[in-house]
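Next come two complexes, and both contain subunit A; in the first it sits with subunit B, in the second with subunit C.
Moving on, here comes the complex of A and B:
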């Protein structure tokens, strides 16, 4: 064993190569290819790609639909992630306390997350139906949730919160349970109440994990596609069209691979920036 | 002598060809119902063309997915299918890309005379035909005969007549909607609104020129925008697609419905609450203009890279023949692309609505026939959606759509 390790130490390149090749093929090549495509005029139904320089990006910059999609995406991300973390944290703290039926409760909370997104979205579409939907029935309203330019996005956010909060709750619950009970016992002996224990024990110890949860959820929400696509298809009047939906429609419906790739590159850079910010925050939190 | 020798060589070549099994693959959307009549049709073709076998392969149900499947495979140069069923709005795009073969020769002068004008237009690109019309569809107006009678209205000929009747009856009857149609942001919305625009004398393209920002279209969009606020249509139309709107009308809760012909048989089922009470008519129009219906439907095209274009052509000819179309119309209720079948006694007795449908199909228009249709449709979808939800005024929406459409049409 140690001889093997020694040999690896002598010739690391040969041993790293397989992983590096796989990574290059499945990650690096597509990224570079999309970057290249974003610099071309290229329609699938037209001729071979021709170099366009930054023309696609100039068009992107002046494209009202792009800024609309970016605004929708940011709004969706900020509101849904904030709600998911707030509600998820609440669930995690509750589920960490001993009570009768805790084990089945933990399983039940996970259910929405276990349902495939497209199925869940279809279900919500029926519930939101303005004619016979259960939500109007329960609220005693006659709102056309998905057909109203103001409500449609919020309807999508509510569905996403329902769907993704279990994920946040589960991770935070694991984090909460890994905090040594002795700390809480000691705090109680010192006369600390529930709020002080949370403020000075739970919060600081949960923070690094919380940031990781935030990275996952923010990137997930920023790339949201299937949930909204099934619910509204981006309508009404593109008020729920996110960047991913826009990119999908340009790439796979209109077959404009040049411009569609430019949108994809824009998404890529947005996600890169978000990640960089979080990684920085994470470093500070762990210091 | 020489000629004879060539003839012998030719024959020899052909018989060798015959001896080898030739298989063609037919990609198509799923036919709902008993698969037996369709399978029998394929066997009939094989019996008539010894040596050729047909394998039919079904595509995913969603239209978008079918489009994506074709694009990915044809762009990749796939040769594993020969004949493909194409939506009317894809033909120009696929022809421009060079993915489907020119089939002009498959349509005789008689065939052309038989086909609905819009249907032939939809398969024509650059003056040549790239697909053979198979089934057709057109938007229709369904109305409740009993309700119109009870309240003293005649079936509406014009849009204002429809608006008045819908508003009045919806207000007088309990739990009743007026005019239900498809207003969700999707392809169906484009059909619905284009029908109103055409019946006001408007259009999208004139040749390659964009003519969206016109007084005619303006008037049409004003009308469409007024439907919900004026109580003609319920607010729920802005999320409705075909099926939800059919359910509302089919459960007896709407006076008027715009939908495709498939709804007719469902309304006439014995267990349907509206059975025997439904009338069908061409869509209304504005005074001084003509009724227009959006053409839908499917066409048969041949993969340009097919290994056996002759067998594929024979198959297309067979499938589009009057007898095959008749069989499929009887078995599955698909509306034939050939006009003569609309006076076929057996077909008419099984599906009496075909009579009214023929008028609608004669007045049908194809959506803009351009390789850029998918792009154009996205602009129209969001524009129309903004108008029906009251988010933008018709002026602003049309001006913006005009600019966008001009940019699309100017692309090389």
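Moving on, here comes the complex of A and C:
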């Protein structure tokens, strides 16, 4: 039938074209253009761009601030994603138990995920406030959470965990509820306790989905910008400066579009490597 | 992977709790009351975790200015709406709210229109290169926004779109199209191909078949996709920050991040503004929580 239709003038290209054009303008062209920009000396307040070869990348390798930002980004990513997955899995298993009111509860859990990150960061900034913050009041401390070189990064991580755990929890909850109840029933008849049914039913069946959630969250955390911009702006003393923040500063404060684009390209390649590793892991898990 | 039946999940299970084998088995072990108390205690704790920061923001927004800098008391001695009034008078906040609505609605319409046409061509018209296209779509959805902010900035300047809402609508629809195509494809694939063939045989053009037959049946998919796109556009910050320069085109997240404070930060007003910007999202989440989760799982799982 479809072959017959093709003969009478099916033109799928016409339906693909609008999306293809928008993607070409907003995504594909910029990817090529940023690669070109990263190979130029280009200041927005200076002369026209000149070809620089790999000079920007040579500078990148010697730039301690870049390595600092990479280290901060990796630390932020690893710690927050680990916490999000651990807490999110806990939430998912809890919410999979039978209780009245799951629909409203799902809405409640969605809320932190759905509000703008900037708003969430402002809320936490106020709670972290060293003088009038509710966190200091409740803990009986007088810590300047966002002004302290050690605490600032962890304060940002806590905020990110609060905001992103619901995403993990809801996806894992959907996965957990799609496991046939008969499996658990059979396990119980065989005398398996809660831990053993988790170990031998929930965990193996949830693992591929867990990996997908990990991909999304790792990439999401690696590109962190909004939260840090509002909470600390990268301070104190660059201890919370992530790659996205550093690239933003070089691009839009120093107006160095050549070097800033090189940092952006580096972020792009990091994300590509992370994705490739996960895709490999996913392939192995599904085998 | 089989995470398809989110719709029939927990609420369904709740209604027939009595016959749920899992539940009955638990009841038989005799740990029933403890188990249930533990569950509800846990649920309350999770709810508190999610809501506490928002609740504190609400309390802050209702505090008289003098009490913003005094703790205790935890709860204000009297409730005031003056922070809300301040946000709406002598402040560009209403304009930014309007900007956010226009941008989010515009991006949603474009992503849905272009996305459903593309998904339709991929699934029902059997466009060639299906697999390659989907791989590209997925790869671009992984693209970190910072990676293309510099070329996009130059492009938008060159097009004369700097500081316009059109710049944000264009960018957001581009960034959400991959997700829209992805989710809509997974929904359209569930509709039988015969629907389309029959419509064609009855004399519909492909466009008529899409608009009159396929899309009405794909309404849940459109809703799920539209919600995700709207929330993305409503919340986006990096591009909104770099492509806008004045209140003419600034969206609420930018307004809240750059909230003016000459000598001291106006915490009460920030709290009021951030709660107000949360309201539309709150309503969407309350009404459509199931659709949103459906869209998320369709987006994440169908790989």
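Rule of thumb we're sticking to: the second predicted complex is superposed on the first by the 259 of 287 C-alpha atoms of A that agree within 3 Å, B and C clash if a C-alpha of one lies under 4 Å from a C-alpha of the other, contacts with A are read in each partner's own complex, and residues count from 1 in each chain.
Throughout what follows, contacts are C-beta pairs under 8 Å (C-beta built on N, C-alpha and C of every residue); 3 or more make two chains touch, one makes a residue touch a chain.
As the structure is a computational prediction, the values presented were derived from the model and not from experiment.
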First, second, both or neither for A:131, with subunit B first and subunit C second: both
Which of subunit B and subunit C A:236 touches, first, second, both or neither: first
Subunit B versus subunit C as contact partner of A:106, first or second or both or neither: second
Subunit B versus subunit C as contact partner of A:15, first or second or both or neither: second
Touching partner for A:217 - first (subunit B), second (subunit C), both, neither: neither
First, second, both or neither for A:119, with subunit B first and subunit C second: second
Dominant toucher of subunit A (residue count), subunit B or subunit C: C
Which superposed partner A:209 touches (first subunit B, second subunit C, both, neither): second
First (subunit B), second (subunit C), both or neither touched by A:146: first
Residues of subunit A at both interfaces, subunit B in one complex, subunit C in the other: 129, 131, 252
Residues of subunit A touching subunit C in the complex: 1-2, 5-6, 10-13, 15-16, 18-20, 22-23, 25-31, 33-34, 37, 91, 94-112, 114-124, 126-127, 129, 131-132, 134, 137, 162, 166-167, 170-171, 174-175, 177-178, 181-182, 184-185, 188, 208-209, 212-213, 216, 219, 222-223, 225-226, 229-230, 243-244, 247-248, 251-252, 257, 260-261, 264-265, 267-268, 271-272, 275, 282
Touch list for subunit A against partner subunit B, complex: 41, 43-46, 65, 129-131, 142, 144, 146-149, 232-239, 241, 249, 252-256
Complex contact set, residues of subunit B against subunit A: 64, 67-68, 71, 75, 93-94, 96-97, 183-186, 234-239, 244, 248, 371, 374-375, 378, 381-382, 385-386, 388-389, 391-392, 411-412
Subunit C - residues contacting subunit A, complex: 1-6, 9-11, 13-14, 17, 20-23, 25, 35-36, 39-40, 42-43, 46-47, 49-51, 53-54, 56-57, 60, 68-72, 74, 110, 113-115, 117-118, 120-122, 125-127, 133, 139-140, 142-155, 170-171, 173-175, 177-178, 181, 193, 197, 200, 206, 210, 231, 234-235, 237-238, 241-242, 252-254, 256-257, 259, 267, 270-271, 274, 277-278, 281-282, 284-286, 289-290, 292-293, 296-297, 300-301, 303
